[in-house]
Each structure stands twice: as structure tokens, then as C-alpha cells.
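Next come two complexes, and both contain subunit A; in the first it sits with subunit B, in the second with subunit C.
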Partner chain A sequence: MASRKKVLLKVIILGDSGVGKTSLMNQYVAKKFSNQYKATIGADFLTKEVMVDDRLVTMQIWDTAGQERFQSLGVAFYRGADGCVLVFDVTMPNTFRSLDSWRDEFLIQASPRDPENFPFVVIGNKVDLENRGVSGRRAQGWCHTKGDIPYFETSAKEAINVEQAFQAVAKNAMAQETDVELCSEFPDPIKLSGDNNKPQGNNCPC
Partner chain B sequence: MAFQNQVLFAKDSVYVHINVQDTKDKDAHIAGRVFLLNKPEGYFIEWKAEDVLNLETTSEEWDVINYKNDREGDSVSMNAKMDARRKYNISFDILDLKSFKRSAPNHGWAYIIFILKDGTTFPALHFHNGGSKALLKELENFIYIRRSPNDPRLFLVKDHDPEQLSQSINELSLFTDSSGAYVQNFVNDSKHGLSKKFIKSPYTTTLGGFSKVTNFLRDVLMTPENSQNLVRPQSEVAELLQDDIPGMEISQLDEPGFEMITKTKLPPRPTVKRGDPLASPQWNSFFDAEGRISKVDELKDIIFRGGVDPALRSEVWKFLLGFYDWDSCSKKRTDQRKRKVDEYFRMKLQWKTISAEQEKRFTLLKERRGLIDKDVMRTDRTHKFFAGDKNPNLQVLYDILMTYCMYNFDLGYVQGMSDILSPILVVMENEVDAFWCFAGAMERVCHNFEMDQNGMKVQLSQIHKLMQIQDPELCAYLEAHDSGNFYFCFRWILIVFKREFHFHEIQRLWEVIWTDRPCSNFHLIISLAILESEKSTLLENKFGFTEILKHINDISLSIPLEETLRKAEGIFLQLRDYKKLPISLKEILGLLPPAHVPASQSMENSMFMGSTSNSSSSLQQEAGVKVDTPTLMAGGAGSGASSVKGVTRSGSGSDLTKGTVGAACSANVARSIGMSARYGGGARQSNGGGAGGNAGATCGMDDVHKVFT
Partner chain C sequence: MATDHREAEQPVNTSDSDFQEDVEFVETNCVPGKCNSAVFDTTDELDDLTLNLANGVIQNHRGTITSLIRKRAKRSNTLKDEEADQDLANSIASEEANSIEQSELSSELSEDENVKNGLEDLSLQDTESVPEESPSVTLIPSSSETDYVNSLEWKQQKKHIFILSESGKPIYSRHGSEDKLVTVMGVMQALVSFVQDDKDNLRSIVAGDHTFVFMNRDHLTFVGVTRGRESTQQMLLQLTYMYNQVISVLTHSTLVRTFKQHRNFDLRRPLSGAEKFFDNLLNLMDVEPGLLLTSVRCLPLDSSVRDIVSQTIVQHAKVKDLVFALIIAQNQLVALVRMKRYYLHPMDLHLIINLINASESFKAAESWTPICLPKFDATGFLQAYVSYLDEECQSCLLLLSVDIEAFYTLSECRAKIKERLDRYNALTAIGNSLQRHSYSVQQCSIGDLRHFLYKARSTAQYTSPELGPPYNTPEQQDRLFGLYHFLHDKVHSVSRPLKLLYHVGKYETLLGWVTQGFELYAVFGPLVTKNVAIHAVNKLLRWIKREEDRLFILSSVTF
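Then we have the complex of A and B:
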């Protein structure tokens, strides 16, 4: 149907300071991990070309500062986002509790067309650490109440599940893109089956 | 089976410079090899450190990242080193290349900085033994390169844009394989059957001679019939024409909605010279018999022009950062210092004596502690002073930041502050001195960190206003590309270029800025100077919002400091001498005589124009310490420093959790501890990590003491 134009997907990583946003981005894009990342100031992004459902997609992954007061500037980068990765640290319950406000703030600022079905993914990072503070069940529960957001438990350090989490957000963002393409072709929007909402790839012990 | 990458070009002795400050440091220049490779997925330029290459010789694959392998390696330390080296690996598809910058002809050796389409800007590759030209010649076989008409160091890659290419090459029957001089070859898709397709640019139809056409050929696909016959493409392709088409001017600014503005007629830029750093004999000559600095202005001029000899920094910075008053005599300074030592330890004790139990009901402090904990662990850890696990200087960094929370509780801890502190601590090597100098430095930039971010917004808009006059062309370009908010300068301003320059350079830059010469907003002019240097790169690459941000982020650590300072001063002088300079800009530049500034606006004259916060008053260094001592001290500091987390966890905190005798600690005790610590403790020594602890002897105070001594 539509043109096979190269697709650019803009994905924003959000979450409290120190949950591993930069590490996840670097692990996904460059397959490397360092203990020496500095606290992110301002914003930066990396791009990665991936295949999603046989289509070549350029993912532009944005990493922003985690401290609350910098968000007033961070919102400039939310605009036009196709997907959003919400990150918390499984050893720090307070970072999990912040997810609500990160999600809400994002939806307000980015004001996507269809907030109900916006492609979010939740990542519980640092599963390589021992002192777990947030259970998979609890995180899963939260994701369920927010419209079955896919949930992944990752370790950016050990490269566990990172690929899968980003692949999921890319896939779901693409599904939305396709919806839009169709909508724009037909005057009356046709509801597609919402299979982009299917939770997937959760490897947590529930 | 691994695909054998075809090496089309390779050159040794190509270096990445990571630590220009220390030429003796063998890690400063990483030797490596640069390649032009024919890979299954396309043509790639790659650079790898020699160490990495040696390790990989066993591997048949050229995969840039071979992560699993190093995980399973034998030696952990070896892996760490390799990881560090691999960090600098460069690999990109030449189709992603947008432009590159070459070194100036008078530079000692040649270097090339590659810039990709998304704005990614790689560190310079230094060709110590030549070879840069050969690489570029090789590259020219695959992409069309054009020198920027505006910047002789900048080279642009003609875009590969199949969408615009309408006609088949068949219509241009003159272009056959043998006339390869006019085409560029791309092996585009080696997986599938290989189509032979020449595409010509629509522009070509309007052009007469084929000699002109060549330069506009955008994209030619030419692949052999099957992959076994993969021939080194450069053998099929002759050299591209080297010259630009005469008479063809390509508009740099053809964006819709963009209006070309004629240049402001600023006066010509004067040549400015930088000077030598302030050295010891000269410094000493400024003091009179009572130890008072005689000619402060003259001294500041010298520091502005050349900075300070590193050996003198710990003394000179104390004046620049308000630790000592400029007009103080030696006697007064001794008193000043004594008082500051007391004040410091009093404030340190305030947070040290908050128990874990108490902290449960003190969320704000707990949150700040958490933030500081995290940031201390990731502040300049590659610098020797902070490197390594369990480095005691991390504790000092932590303690100073926690104490600053007490000093300015309204502001608290905000990310970026550890960046401000780190170079100061490295210079001072003493906890108390570093704290007060940090407080002085923070006084200059505290508005950057306030909750409403107003200080940041004001400064970014001031850069905008200045650029409207200084470089309307660049300004209009940025506005037309969603960058008129200058967010891409955010990091520069927030932490005063801390991440943009090497460590020794930031110390130099800051001491220059702290002289408030030629104005208190010199950092904004420095931003203009850097942007001017990047102008042709931004404009000619036609970078948009994201690419601009990416490029500006990526030039970090490759900005020439002295050149930038010269340029910035030149820009300042131009603006100062510009007769039509608007009043608002005069204000920003501090060019209005003080008498002409209404009292209500005097604040706006400073760099933090428009900020409404009250906390600035609490930051007054002298006034700010008027915290009522007993309030936080009251009730006995029984469980003492048990709540100290993170870096202290392994150290002194543990023995105190037992709950020692709840003897009430007075501020006097704190003071006496402070006094004793004062003479014992440089930052390096101040942390035995509480090794020789006599737990519970007195009260929580004892622990405080241990950390200090």
C-alpha cells in the first residue's frame, strides 16, 4: 500500500535520575556499557537502524536529564515522539513510584493524537543487582492498569532483555504509524484491531 | 561463515587524542588504524585502537562490537582496558557521511573530523604519519566531495537522494562504464541480484555540457552481476573531477520561510592577543608589606589575558571565588579562614547528625542524599583524582555537596553541581577550602539551578539577542530551524562549559571568566564565538533542530580554548564599539555606566537578569552562614552519622549505628573538631575512611571527627 519510505521513529527515554537511561540507550545502540557515564545534562540522542516487520526503520532515541526541574526544558524534545520508554530501577521503589508522573507529564507535553494507545514500554532496569525493591508482579500490575503497557526487566550492564524492550517499542510505534497511514488514505478512519496493545516479552517471575 | 570484509584502504599511526592535557600520559593519544572497508552492508570507514586490533586478530570478523568475546576473556583488567579503548572505535557507513573538516594547512599534522547526517561528530583522527589525503582520495571514488566556499577546512558530501532522481541513466547513453570519470559507484545491495542502474539528477537536464553535469550526478548504482565478481570498485572508477563548477553558486540558505538578512555592520574585529599565565614572582610582587594586593585591577587583567599558573591556582582562586577579600591583609585572611573552617564544620555536622530514623521523616534531605550519592559516583571518574573504586576523594566530593545543601537549603542539590565542584576540589585538595570556593563559584551560577529554570531561560535568550546583532545570518538560520531557543547551548551555560573542555582547559576558562572581564556575561560571548566557528558546518550541512543539537553535543572536548577566547574578546570589542548597539544589549554586556542603571534594574545588569528568586540573598557568602546553630544540633546527636549512605557506608558509619552515648553535642564541640581537622586535612588525606575508629567513645561526633582527620 503506502510508500516504502524510510521511517524515522522518535523514542524518548524517561525516568528518575540514575535509573540507567543513558546506559540502556548505549547498550541498545552501541552494545556497550560503562560505569563512567556522567549524569546527562540537557538532552542527547543516538540513532540506530533496525528492521521492524520487514521494514527498515531508523530509531532516534532521546535521552534526557532525570532531575525534575530540568523537565521544563526537556519537553521541547518530547514533541513528535512516536514512542516512550519509561524506566525505573528495580532496587529503588521510589523510582517506580515516579512512573505515574513521568507518564502523565509526557502525555501532557507531547500531546499525542491517541494518548490511550500511545506506545509506551516500561523497563525495570538493574536486575543484575541483588537488593531488589520492586517485584515483577507489582510492576506488571501497574502496567496492566495503564492499558497493558509491555513490561521488561533488563540489565543494561549485562545486556539482558534490552534489545527486546526497544524492539517492542519500535514495533508498537510502527503499528501506530501504519494506523495513521491508513487513516490518511481513507476519509473515514477505519479501526484496526488493536494488536499493538498486546503485552509481550515479559520475562518477569510473576 | 563470516563474510570477509574487503579492505580498500588501511593506514597505521592514526591517533585519537583523548587527553591533550598530559602529553606524558601514554594514554593521551591512542594509536590506531583507519580503514576503508567493503562490507556486506556497504562501504565503511572504521578506526580501531591498535590494542583492540591486536586482540581481535584471532577473530575473523570485523564486527565493531564483539561484546561476548571480551566478556569471556581471561583478565578482567584487560577487559576493562579494552572496553575503554573500544569506546573510541569509529565505524560508519560512508552513505551516512555528511561532511568532514580537515586541519588547517599550518597544523603540525593532518587530522580529519567526520560529521554524519544526523549531526554525529566523531573525534578528530590525527594522521601522525600522513595518509589523510590518500584516504580522502580513496573516498572520492564512492562519494562526491565538494569544498565549502565559505570555510576552506570544511568539505561537504553531496547528498544521496534517490527521490529526486527521475531519469534512468539509459537516457544518458554517453555514460558508460568507461566514462567512469563522470560517475560515482555504489555497491548498494550485494544481497540481491545486482541491478545496474545509473540515475541522473534532474538538474542535469538543464545543464549544457557534460562536464558540468558530472558534479550533479547524485547517485549511481553499479554492481557486478554476481557477488563472486565483486571487484574493487575504485579500479573501475576514475578520479572525480576535483573542481567545483565555475559559476555555479549553491545557495546555502534556501530554506522556505527564510529571509536573508544583510549583515550588521559591526566595526571590524580587532586582533586580540592572549598572554602568559600569572606566575609566582609576578603574583608575589602584587602584595604589599601587610600582605594586601595592591593593584587588583591590574592583577585581574593579567589573569583574564593568560590565566594562572597551575601551581598558584589554589591561592589565586581563593580571591577570585571570594574565599578571601581582595583588599584583605594577611592577618585578616588568617581570621577569615579560621572562621570559614568553623562555619564549614558546623554545617557539616548538621547533616552528619541526622539519624536514619530522623531522615525517614525528612524526605527532602533523603532525596538530595540519593541524588548526590548517584552523581558523586559518576563525576569525572576518568580523572586521576577521582579514579578507581573506593577513591577517598569521592567521599570529600560527597561531603562538600551535602554540606552545601545545609549552606543553601533552598537550592539544595541539583544535577550539574558536582561538575562545578570537581575542578575546584582538584585544585584545592582540601575539603574546607574547596567548599567555600565552590560556594563562591555557585554564587555566580546558582540561578542556573533554580526550580523554575528562569536563570537558564534568560541566558539562552540573551545569547539569542546578542546573536541577532552579532551574526544575523546565523541567527536567522537557527530560528528557521527550530533552534531559536538555543536549547542546544543548555549544557554550556548550566555548568559553564564544564563538559565541553578538557579538565585543565576548564580550569583556565573558569579563572578567566571569574575575573568578570571584559564583562560579567563573557560566557555568553564565548557561546557566540564557538557558534561562529561552527557556523559553516551548521549552515552548509543544512542541519535542522536535531542535527544542530547533536553536532553541538559532539564537538565537546574538541573546541580550541585559546582561539575561542581570542574570538570571544574580539566579538565583545566589536559589539562594544558598535554605535547602534541597543540599550538592552548594553545592559547584558555591562556597558551602561552604573549611574544610568535604575536601582530596580541593577540585577538585570548581571548575568541572571530577570530572576525572581529569593535564594540569591541567602547565597551571600557571609550572610548565608547565619544558620542558627542549635536548631539542628539540639537533642543530642546520639545516633550520629549512621544515616550516611553510599560512599560512607563501608567506612565509618557502621559502628555508630549501635547508638552511642547520647551526650549532647554543642556547636563548640563541633568547632573544636573543626579546628583540629583544619590543620590535618587536605582532601587527599582527610579520609582515612574512619579506619582508626574509637567507636562510641563520646557520641556521634566522634564519627564526624573521623571523617575529617
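Then we have the complex of A and C:
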């Protein structure tokens, strides 16, 4: 394990439908924004390579469907995530209220080893719009009660803070990653008992 | 005996319908390569696979995941919400309905129908609709990865093999760097996960001339994609070899423990440096019939010479905790000595052969390397002492022990073994046999027989002649191997296993024949009749019987 390969992080984006999950991802990865709205069915995948503390990190970003009827990829989908981005729309208070259930849902499905310290990031999106419905303080407060989740206010449309938010996910996920090593200090030696190796099943009856 | 050819297929031309009467089919006492004392553990992996497949439902999910998900979406809608279902149906009917700009209707919605749909969407406070054209698992172009996956070079590979973790993290890809395939691997994981959600397992997908085969084992997903002649079953066998190779490097216990503790673990790290073993194993599978037949090829050798070799090992390597001692020359087994009560499975032996074959470093010095043999014991490592016995690095000695401290003891054994093999000119004999390249099919003096594979089932060994014309080019060899895959698949078909298959192809006639004692796959010229083919294989069996002392290891030697 001397030559460490690049690090790969699986990051999942969750949130109600229409809050801009796909737009955030497209802005982040492809620097593109479209006003056209298309529902995500199942999931989209994108990857982006970033530098975190002088290490090259590949982020495998899993954009999910917000709409319930397309959330059909199953529990295995969340398995083994390194980080999770929770997104709400700052103009729609109900999307903010959903964060609780998204977070719970994620923790149940992904069942990470250390749920208290799992690297979440909360994004309040669409700050470019006028009709603000959720104040920054309120969002900050919620994040604080959930173990000081980092909070970012972004606009996928105008590319505000998007980069920073994802960078924070990568950085926090990396912090957890470093203490993981293969669990084989000394593998179990084989004991010869004489019966753990079955004699051959002779196919030939003759 | 007449029942034996009841199953024979007559795909193209079989005019000689009277062959049942006049062909003395097989002399039952003639099973070349048969032996009563076990040389190998001969549980057949293919039988296991067959059992697995027969017990479960074989699911060929034809079609795209889009339609699957849409179907699912529809279904859940029907249960939940009639109105939404209507909306879904409308949306599917109209492609344009998805162009809604936030809560405003976009200017593109000019048709009344679309506006109506759009309004219905809004009235449901539900601005999402099902776009007909956009696939559910979208690969958004623009990244370099997408370019790479779409490159002709990558797409035109005949076979792809991928290994990913259950969280969708890439571990290995045969072609291209797995680093560039992060998205594709995510898609594969999504497919697997989607089907698992229904308490089901994704086994294979047929798309055009490609077959995708999936295998989940111990937190890992193995995916094989082929447009060759391998069947789903045969691909599963190849994926099983890949799984065994992973275990061989890590052990089963470590693999399971690691993923239990860290589901997001990046297995590339502990496997770094092992890529060459995966690559080499896959290359072997494309040219070495032994893996398909789960059997081993022995180096043709006079039985007296082979006796000297094995007796030398018995005498000079009689060391505590030494489980297996073997000599391998150019992927062929020269001799095997085992501890009483322990057997080496051919699948494990292929991993050993792969270890030697893939690594040049053993040629430089004596080596001491841990290796896990999954069929023998998947929970721990054996320690392998590896050293070539001759200057040309042809004959490789392997001593497998459970004693981690045994290196110097085994090194002494090696010196004694080499000294005695030199004295008896055994190494020269091995070298000569290697130079003669096995034997040509002409030596069997059977007209029109071009090539064959013969597997003695009780000993899990096989023999076949060298590849002569017309199979002397890589393309033709590849084609021949495809024919064997075809033949092997047909006789081992899950739904309809055959004892005998006579198949007239475009360029050659094939005969596959499976009995309790052996499997025979023979390739003839195109104009051979069934009668002639049957006579020929009977003659061939007699020839192999005469040569069996040279071609097979018939008696098992133990410490």
C-alpha cells in the first residue's frame, strides 16, 4: 500500500424535487446552467476530479430523484457513501422542513458506522431569487442542532458558492477516509485439522 | 449404449440415420486418464453454477433500465394516485410536456395539448413529468470520462470485465483505467441495486449482440460484458475465477471483515499491484481451455521420469506443515505431491499457475509469498516458496506450507531436489518435452480430425494437441476457442443437457460427447459424416488410452 492511488469519494445529493439538485451538480461539474426543468428519473451520475489538501480526489456524484415515485433505485443505492449533500430551496419553506426526513432516511438506508459524525453538507439553493422564504439564521440553527453541519447558500444559476459547498463535502469526507486501513494486521493462519478440506467427490462410480 | 446418442442434434445435414445400428459406440472400459486414487479435488465448479442457476430463476432482463424504472414508477403510481398516473400517461404521450421553466410555462409549449398537460402538472403541484426520451440513468456528456467510454477503442473490445464494490466504487476494469470508469460503475451498481430492491438478483442483460453478466459475492459485484461466444454460464465461471483471484490476494475473511467495518472502502488500495494477476488470468482464460474445463493439463512425460520427479519431492521435501509441492512448466503440471487428506482443486491450481505466469520476479530469486487458495481454505494464507529449477526458467518448483517460518527449510529442500533431478536428467527430460510442444494431432493418425479437448473427469485433467493449421493464426485460434465454448455450452446446457452433440458448422464439424468418465470435444473438417466422426472419436479414445501414462498423472503421490 505504499503507492496510494487516487481517492474516490461517493457523494449523494438529496432533497425535495425541484430544489435544484441536478442544476447544482451540473453547475459544479460542467459549469452549465439551464432554466429548463427535467425531472431526474432514478439517478444521474457525474464525476469530477478535485484537489483536496494536495491529494487528487475523484468525486463520484450521485444525483437522485427528488420525486418519490422515481426513487426506485433501492436501498443499495445509498450504500457506502462517503458524503451527503442535503439541498433545499430558500424560497420554499416546505423543502427546508423536509431536510429532517431526508437526513433520517439517508442514515437509515446507508447506515454509516458513525452517524453522528457523518460528513453532511446542507445547501440552501436559489439565493438569486427574490422571494426568500427561509432565513439563513433558521437554516444555520437547524444545522447546528444536527452536529454542526456546514451550511452554504448557493445559486446554481449564478454559480455562487457551489464550488465551495462541494469542496467542503470532499474535505470532510477525506477527513474520515484517512483513518481507514485494510483490516488485516495479521491474517488468520490456516490450521491443518484434516477435515476442513473435503475429500473429492468422485464423479466416477466405476 | 444406444441411448447415448439419443440426444444428438442434427442441425444441418445428417443423412446417415442408420448409425445407431451399426456403430459400436464406446467400449465402456475405455476411459483414458481415469484413476481410482484421487489426484485432485474434482468437484466441478460448473456443476455448482448449474445448480445455482437451476435453483434460481434465470432472469434475462431485456430492455433498458429506463423502461424498468418507468414501469416501476407507473406501478407505484397506480397504487397511490390515479390522477398522477393519468399525468404520467399524458406526459409520456407528449414529449414536450417536460419543458417547463420553473413554475412558468416555457415558450416552447405552443401546442394546446402541451399547455393542457403542463397545467395539469401544475394543478397537481407537481412540475415533474416523465420525459420520453431522456434515459433514467443519464450519462451527461462533457466529461473526459464520457469521451473515453465512447471511444471506439474501448467500445470495440470483445470482452469487458469489471469489479466494483457494493457501493459502486470501481476496483478493476480489464480495459482502460478503472479511474476513468467511475460513472459507468455507478450505473452498474444502480442496475444491481434496482433489481435487488425487489428481492431479486440481476443475472444478465442481453442488449443487441452484447451479453452483460452480473455476479454478486461478498460485497463485490463482478460484471462481464461479451459479444463473443461465451454463454452466461461460462461468463459466470470466468467471473468466479476473478472472484477467486481477489480472495487469493486478500483472503475471504479479510475481505468480509473490511467491508463490514467500512462499507465505503476503496479496495483498490490493498489490491494495488495485483492488477497484473487479473489481467493475466483473463488472458489465460482466452487461450487456455483448462479454465473452461476446470481441469489441468499435464506436461506429457514418460511415466518413469514423472515418477522420479515425484519421488524426489517426496523424499527431499518431507517437511512438517508442507501441504502441497508441485512443479509447473509452461502452464502445465509436471508433478504434484500432497499431504494425505488434502486435495488441490483445479481452480486453485489455475490461480497458482497464474501467479507464476504473471510475475517475472520469481525468475530472479527464490521467493516467499502468501497465497490464499479459496477452494482449499478461503480464510487464510498458505505460504508459497517459489523457485525455478533451471537456468532457462522453465520448471518452477512451488512448496506450499502453513508454516510462515519455513522459508529456509524449504530453500534447503529445493537445493536437494534440484541436485537429484539434475543427477537423473529429469530437468533435461522436462526441457525436451517442452521443446516438442506437446503433440500434433497427426500423431493420433485420425484423418480429418483437426483438434480436440479430452477431459478425464475423475482426475480433473485434460489433454489436447498443439494448435496446427488451420488454427495457426491468433484469429483462427480465437475462432476455434469460440467453437469450443459453443460446444461446451450446448452439452452443459442447464435446460437441456446433452450427452452427445454432432454439429455441422460452416467450416468444421463438431462432436461433443459427455459421459460420466470423460468429456470430449472434437473438431473435424466440414465434410465428415456422423458415422465417420463417431468412428474417429472411438479411435481417438483408444489412442489416448494408449498414451495415458504419458499424458496424465494417474496416481496420486502423498508425503
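Basically, the second predicted complex is superposed on the first by the 171 of 206 C-alpha atoms of A that agree within 3 Å, B and C clash if a C-alpha of one lies under 4 Å from a C-alpha of the other, contacts with A are read in each partner's own complex, and residues count from 1 in each chain.
Quick note on the criterion: contacts are C-beta pairs under 8 Å (C-beta built on N, C-alpha and C of every residue); 3 or more make two chains touch, one makes a residue touch a chain.
Here the structure is a predicted model, which is why all the values come from computation and not from measurement.
Student: Does the superposition put A:V7 against subunit B (first), subunit C (second), both, or neither?
Tutor: A:V7: touches subunit C, not subunit B.
Student: With both structures superposed, pick whichever of subunit B and subunit C touches the larger number of subunit A residues.
Tutor: With both complexes superposed on chain A, more residues of subunit A are touched by C.
Student: Between subunit B (first) and subunit C (second), which does A:F45 come into contact with in this model arrangement: first, second, both, or neither?
Tutor: both
Student: Based on the superposed arrangement, let me know which partner A:Q60 touches: subunit B (first), subunit C (second), both, or neither?
Tutor: both
Student: Does the superposition put A:G133 against subunit B (first), subunit C (second), both, or neither?
Tutor: The answer is neither, since A:G133 touches no partner chain.
Student: Looking at the overlay, what does A:Q36 touch: subunit B (first), subunit C (second), both, or neither?
Tutor: After superposition on chain A, A:Q36 lies in contact with both partners, subunit B and subunit C.
Student: Once chain A of both complexes is superposed, is A:A159 in touch with subunit B (first), subunit C (second), both, or neither?
Tutor: After superposing on A, A:A159 lies in contact with subunit B but is clear of subunit C.
Student: Applying the touch criterion given at the start, work out whether A:P115 contacts subunit B, subunit C, both or neither, answering first, second, both or neither.
Tutor: So A:P115 meets neither subunit B nor subunit C here.
Student: Give one of first, second, both or neither to describe whether A:G18 is in contact with subunit B, with subunit C, with both, or with none.
Tutor: After superposing on A, A:G18 lies in contact with both subunit B and subunit C.
Student: With the touch criterion stated at the top, can you tell me which subunit A residues are shared between the subunit B interface and the subunit C interface?
Tutor: Common to the two interfaces on subunit A: residues 17-18, 30, 32, 35-39, 41-45, 47, 60, 66-67, 69-70, 72-73, 76.
Student: Under the definition above, what is the set of subunit C residues touching subunit A in their complex?
Tutor: 31, 34, 38, 40-44, 65-66, 69-70, 72-73, 76-77, 80, 84, 98-102, 106, 126-131, 134, 136-140, 142-143, 145, 165-170, 179, 182-183, 186-187, 189-190, 192-194, 196-197, 250-251, 253-254, 257-258, 261-266, 268-270, 272, 321, 323, 339, 341-343, 370, 376-377, 379-382, 402, 404, 457-458, 516-517
Student: In the complex of these two chains, what residues of subunit B are touching subunit A?
Tutor: Interface residues on subunit B, with respect to subunit A: 65, 67, 83, 86-87, 118, 120, 370-371, 374-375, 377-382, 414-416, 418-419, 449-453, 456, 485, 487-488, 490-491, 494-495, 499, 546, 549-550, 553.
Student: Which residues, counting only subunit A, touch subunit B once they are in their complex?
Tutor: Against subunit B, the touching part of subunit A is residues 17-18, 30-32, 34-39, 41-45, 47, 60, 65-67, 69-70, 72-73, 76, 94, 159.
Student: Inside the complex, what are the residues of subunit A that reach subunit C?
Tutor: Residue positions touching the partner: 1, 3-8, 10, 17-18, 26, 29-30, 32, 35-48, 58, 60, 62, 66-67, 69-70, 72-77, 79-82, 110, 112-113, 180, 182-184, 187-192, 194-206.
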